[in-house]
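Read from first to last, the chains carry the letters A, B, C and D; within each, the first residue is number 1.
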Amino acid sequence: MIARLALMLLLSLAAMAAGPARAETFLIANARIATMGRAGTIERGSILVRDGRIAAVGADVAAPDARRIDAGGRIVTPGLIASGTGLGLIEVRSVDAANDRATRLPGISAAFDAGYGLNPDSLLVPVARLSGITRAIATPTYAEGTGAERLFAGQAAAVTLGGQPMLMRRGVAMVLALGEDGAERAGGARGAALTSLRAILADVRDFARRRAAYDRGETRDYLLSRADLEALVPVVERRMKLLVSVNRASDIRDALAFAREERVGIILEGVAEGWRVAAEIAAAGVPVLLTPVDNLPASFEALGATLDNARLLQRAGVLVGFQGNGNHRERELRYNAGNAVAAGLAWEQGLAAVTINPARIFGLDDRVGSIEPGKEADLVIWNGDPLDTLGRPSAIFIRGEAQPMRSRQTELRDRYLPAVLPSPSQGAEP
Amino acid sequence: MRHTVLLPLIAALAACAGAPPPAAPSAPAALRAGLDPVVEAYPSTYRAAPAERVAIVGATILTGTGAEIADGTLLVADGRIEAVGAGLAVPEGYGRIDARGRWVTPGIIDAHSHLGVWSQPDNVEAQNDVNELTEPNTAQVWAEHSLWPQDPGFDLAREAGVTTLMILPGSGNLFGGRTVTVRNVPAMSVQAMRFPGAPYGLKVACGENPMRTYGGRGRSPASRMGNVAGYRRAWIEAADYARRWDAWRRTGTGDPPRRDLQLDTLAGVLEGEILVHNHCYRADEMAVMLDVAREFGFRISTFHHASEAYKIAPLLVRADVCAATWTNWWGYKMEVFDAIEENAAIVDRAGGCAIIHSDDAVLVQRLNQEAAAALSAGRRAGLTISEGEAIRWITANPARALGISGETGTIEPGKRADLVLWNASPFSIYALADRVWIDGALVHDRSRPEPRHSDFLLGQPGQEPAR
Amino acid sequence: MKRIGKLAGLTLALALAVGAAAQPADAPFASTYQRREAPPLAIVGARILTGTGADLADGTILVRDGRVEAVGQGIAVPDGYERIDGRGRWVTPGLIDAHSHLGVSSSPQTPLSGDHNEGTAPNTAEVWAEHSVWPQDPQFRLARAGGVTTLLVLPGSSNLFGGRSVTLRNVPAVTVQEMKFPDAPYGVKMACGENPKRTFGARGRSPATRMGNVALFRRAWIEAADYARRIERARSSGGEPPRRDLQLETLAGVLDGDILVHNHCYRADEMAVMIDMGREFGFRIGTFHHATEAYKIAPVLAREGICVATWASSWGSKMEALDAIEENAPMIHAAGGCAIIHSDDATLGQRLNQEAGIALAAGRGAGLAIGEGEAIKWITANPARALGLADRVGTLEPGRMADLVLWSANPFSVHAMAERVWIDGAAVWDRADSRYQAPSDFLLGQPGQGAPR
Amino acid sequence: MIARLLALLAIAAWPGAAAAETVAIVGARILTGGPAGEISAGTVIVRDGRIAAVGAELAVPAGARIVDAAGGVVTPGFVVADSTLGAVEVSQVPASADRASRSADISAAFDLSLGLNPDSILLPVARLAGITRAVVTPRYEGGGDRLRLFAGQAAVIDLGQRPDMVTRPRVAMVLQMGEGGAERAGGARGAAFAALRTILEDVRHFARHRGDYDRGGGRPQTLSRADLEALVPVAEGRMPLIVQAERASDIVEILAFARDQGLRVILDGASEGWRVAPAIARAQVPVIVDPFANLPHGFAELGARLDNAARLHAAGVDIVLKAGSGAAHRARELRYGAGNAVAHGLPYAAALAAVTINPARAFGVADRIGSIEQGKEADLVLWSGDPFEPLSQPRAVFVRGVEQPLTARPLELRDRYMAR
């Protein structure tokens, strides 16, 4: 027990103090590989990992020098990607001091960067990782009680759930609420939100051209602070996408029109009624993030919510990524995908929506999302169907490093398990 | 079926029924469950951990009675002190601990703690269960019902030699509620920590805290005279409540008084079953509180904080009231402006019951050092005090204040074997508790650190033992 | 069916003596639920989890007159029975959600749709959840599609005593009386810990601490015991009875054993205090809800016969939920206790079976050998026990009410769909038949009304 | 009344700045903290307020007053970091406390060296624990000051109770990051960094364009002119920034931010510093440590442990110890804290350095104090024994060469009531 504690400590210390640890060369053999890449699913194949990257994948991979891990015919997938979470930014939801997902600071809205203040020791990280999640898009949210004049929540960051550094890439999207919430922030009406948004983007363009004049105090008054204006320049220059949360069909249409007219890139999030305008979303080439188990008519903008949403959007040709159930419940991401499959989506599409699709949506597909040579070796060996409750990971690798199969919750379990075990010899696996 | 849980309760009622003396044939019929104030509702389930026979040999032993035994031997059997003295032979079957060069004291007792009721992480509002700041009189609340046995502070205190603590409600109210005395053992429930047979206490607070809390809301008390009027009104009600119960028990007719939890506690004080622990800084206020006690016929066990106790030491000695205080803390508010380092030493020299307490999750880990600073200050003032005498401030005297001196606080044959083996004089800044026993069971061994009891730090930074 | 009903014998006697206006009526707001007539039914060839622990391959179940007639292997199907081919499919008892706020916290959420917290005083034992239930809550149908046939709908947890719970049959209805489970015992919702102390402490009122919670609980029980004492005395000596008090009536019902205690309580140490409080006042706690630390005191809860209704996944939203683990229910089960998976949520309430699957997989991962036949109890037989209905629903045994779910696959899988659901032998859901998929009135004419959701 | 009398006494006792006598402390074990190391039986000669000589075999100058230190230990006077000595009398009495500004326009510009009280009754109390200097540090006070990222500027003072008590003003700027910084930035750490970066850009812009600013031109500024001006030395890396932070990841981010921005940082708190000690050592950032901090007070300090100081030191970090979590009234616990750090693994000499020369170095006054070396100001304490032991007491205290009375208001109280 102490030895294990000490080992964990060493691991975490090493991770903290040193840079990326040396990853060994190894071969995962005898696996059913859902590559999520061009190779499709390889029924019986091997993956060679070298220097933290995938060196080769296929039915015949020769690697006599590599340590061999026999997958025993089990399925191997890319690590899952959780889109739109507070992983690394939150410990206990109700404890403000342990929550860095939102700010009320005037002058820092678009400029708020979720890539700062990340906590690699967060006890949520191992819990999510144990369900096969290896990367996440940490997104800002709006602080409670903030309303008008805070249209943007801030910038999302891509993070890695194991090893150092935790930050993978800053500024992968700018978070913006439209629909009911956006209307509330603009003083109560959807029209006001879209109008202020256009005015702000006009300011940003003006600012970007006239920084020197601004510094001399010779520009018009802008609606936002300099920090916020600066943060929005990549958006108007199409270097950063807007992550727009929106649900009602008409709101989706408005968002698409706005993006077209303002020539900004967008990702739609939520889209409870997306299925009703699926063809338009597809035609615009806009990807969506959604929670496939959302089927409650939980608000007047989501009356059309249905479990068929993912299937219908995918069928229309929309690039679909899935979201989990938020923060502590991010581990349910894979069950959400499973439910979409149960509701008619193809299994491969369900898996893609938690791997390669979010990687594409956030521009990370050069590094993660599929099992292809050159990509970082985020791999999960599954003991069963990765999208089903009864399947569980039996090994997890991030950048080629085996991850500990433990979390605070397994520690709690192991502390109290002996009291209920019929025989003390029974061991626990993760 | 659903009444099976009643059986033990009925048995308990039957056991209690004989207790009140005037049990005449006309004694009232047993009341429905929960209507009779005398029933003990949240009984201790504390069981001492298995203990072995131990002989500690060669140590300097501060027994807590004032004595200091050089090269002493201490025998522990069945969780109790069997014998202590110099040159005792060690019988067969005792685990022998070579303690040469080391020191042994009774387990440290903290007479004033909020561990478990204001738990770590204490900057989180949800962890704050210490002050029921809703009424000036909340004598109806019991600290044990707030107590979280998983507070990491308990582990740290145990590793510093603290074996018994009194946990009190806070001082925002005139009457904060009942205290609970606990064994500092790893436990899942407060019942499993409760010191068997320890009397309850009542937290009473003088001075700035209640008047600031309620005065700030435009309510009484807003002044010290308001404080005193508040106490007196409550004691009048309690005396009347006690009278009505007495009358009903005597006559056995009519409706019994409606049980009132607040008055239960206050009446318990009037009947001498519940001890008064009075947060009170200033000498003049202590003098007033002694007169309040006289007016209503109860005794104050201890003035807590009592930073001006040195000004009225003889008065406290005459009234047989303990003074629990700090050494280093002072100056953060007006009523603590006159705190001096020599407070405990002066009370002690006057023949009083001086106690060094913590009131703090950091200080509880070094009560021995706080006592050492008090001892040093006393000596600087020319008072001749030995280590053997000074150790009582954190052992025998708090045991007396808590009403458990028959059980713990000194190393005498028959007492519970609550012990600390120190690697140096406990009055040295460098002293660490090598081993700690509670009821003869080893609960801490510095040479073999184990994962801590508290679940909170599991899987988090800082879970590993050294702390 | 011999049951005293909802009221204590003593209050019943008083009602007779003093009259209905001043004293509780015999059965106010009585159930008008009617079992729908349906032809006899046989499901053949299915894998049947009976809820008693049995796991029958290639089983047959016969239903007649709303009750389970027979269940087993190799049973012949009599003439006149609708025959359903269950091959490759699974049958379980209808699911029971022991913790739901459907109808009292309805969709869509609007400023006034939250009807579950009468958070105005720490003790509102006088309110009854059924008086908030909106039968048109679209969420009922969604739960039905998830195989839920019975629900305990509770008031919220802002108060120490939130009010009375109500047990509902999950049938389409216009009035709550049509949904009320006939002769189901009432429950009272109690809440420990952070919620009440935060709600009232923030207003400068008691309770502001956990010790404040307990002091107020105890004061209420003293008043209730005294109320019951005065009623008893009036009955035995003919004196003036106390004036009827709705709050005390509910609590006295608990003391008399007629009303079950459903106690929202997360932490192990708080549960231990609540058990002692039950002992002090002579009542039994039926179920600890949420109970995320139940695994820490599993043997105690098993010994006390208290059920544990909990989640597998939910954790960490607040300090008292920090120690929740996925293995909670399996560890209670392994200790011989009554483990329940509940929802407390309209999304989760549609997939209690999957939540049980998560718990089952975690339990197996921890080395606990638990079969599907056992695990199904967590969402059938055990909640039936917690609701005081173990003799009527929750298992597939002859004579039990025929609440059934026919699953497309292993119900612990995400891929499993409730293909058909019966309540009292009458079909209430069929994935292949739009007649059973009608949305609630609210969704008529709105986007997505025709979608199966 | 008594306080006023004492104050009068103190004023009467102010000696002229240069009127210090010549003193020879002889026969002591001297822990010089300087190149001379430990001298087992030596002499310190004090002249004109400075150390004229220290050594094993020194001749006592004619006319010098001899202090017989036989059996005692002489150390440099201790320096307590992160204190509010001189800026507070009674913590909960606002009128007696000048440790924080709530002004909207005076945050970084708040200069704690102004308005200090040399008559404070806290100074003799701390002095009796061997403390002769303090790094006084502004505090944050009052709610709702979300935009107040900076608390103000710290100063080094002496405890000699003279009007010229400021050794060096404006030695560092105080900034809270981590949980507290997040709260000031509206609830999130990321916002605190964004705000800080914006402010530093503004300050640099201001420094280049003061003329524009004064003509009412220039871009809109987030801070007042006074605050901008106060931050110029910070942005230029001339004034250290005391950053309060506890969590390991916060520390790592602050180090990276400081490197990018060219800031000089002193970490304060750093209860999880031991987990990233090599990174702190590489950055050559000193750390102010509370040696009693081992409680997980919040989610940012779950890793707090008593050997933090020892581990940081072992990794090569310069550590500075503070007392009583920074509470002025508890400054006298500094020596106990040092003793506890020793008990938990810090080498004795390192503990002594952490309360003498290390704070002097970190705050730029090592040329004047912090060790017993020829030419330095004569802050000396003669102890009856090991200075970290409670059972030891000072036998003599010198501040800038002036021997201090070994009394304080609490001792006056003691004597009054003991005489009864």
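Keep in mind that, in the parts below, a contact is a pair of C-beta atoms (placed from the backbone, for glycine too) under 8 Å apart; a residue touches a chain by one contact, two chains touch by 3 or more.
Predicted model only: the values in this text are computed from it and were never measured.
Student: Check every other chain and keep only those touching both chain A and chain B; list them.
Tutor: Looking at chain B and chain A together, the chains touching each of them are C, D.
Student: Centre to centre, using CA atoms, which chain is the farthest one from chain C?
Tutor: D
Student: Let me have the rounded angstrom distance from the C-alpha centre of chain A over to the C-alpha centre of chain D, please.
Tutor: Going by mean C-alpha positions, chain A sits 45 Å from chain D.
Student: What whole-number Å value describes the gap between the mean CA coordinates of chain A and chain C?
Tutor: Going by mean C-alpha positions, chain A sits 36 Å from chain C.
Student: Just the number, please: Cα centre separation of chain C and chain D in whole Å.
Tutor: 62
Student: Could you pull out the residues of chain B that touch at least 2 other chains?
Tutor: Counting only residues that touch two or more other chains, chain B contributes 123-126, 455-456, 460-461.
Student: By the touch rule stated above, which residues of chain C touch at least two different other chains?
Tutor: Where chain C meets two or more other chains at a single residue, that happens at 194, 296, 318-319, 322-323.
Student: Residues of chain A that touch two or more other chains: which are they?
Tutor: Chain A, residues with two or more chain partners: 12, 91-92, 94-95, 97-98, 121, 409-410, 412.
Student: Strictly by the criterion at the top, what is the full list of touching chain pairs?
Tutor: Here the touching chain pairs work out to A-B, A-C, A-D, B-C, B-D.
Student: Chain B touches which residues of chain D in the complex?
Tutor: 89-93, 122, 179, 248, 272, 275, 292-299, 301-307, 324-325, 327-330, 332-333, 336, 339-340, 342-343, 388-393, 410-411, 413-415, 417-418
Student: Can you list the residues on chain C that touch chain B in the complex?
Tutor: 194, 197-198, 200-201, 204-215, 218-219, 221-223, 225-226, 228-229, 255, 257, 267-269, 272-273, 276-282, 284, 296-297, 304, 318-320, 322-323
Student: Along chain B, where are the residues that touch chain D in the complex?
Tutor: 120-124, 152-153, 156, 310-311, 313, 328-334, 337-342, 346, 361-362, 365-366, 369, 372-373, 375-376, 379-381, 427-432, 456-457, 460-462, 466-467
Student: Considering the complex alone, what residue numbers of chain C touch chain A?
Tutor: 107-110, 138-139, 142, 194, 295-296, 298-299, 313-319, 322-327, 331-332, 334-335, 346-347, 350-351, 354, 357-358, 360-361, 365-368, 410, 412-417, 442-443, 446-448, 451-453
Student: Which residues of chain B touch chain A once you look at their complex with the stated criterion?
Tutor: Touch residues, chain B against chain A: 123-126, 449-451, 455, 458-461, 463-465.
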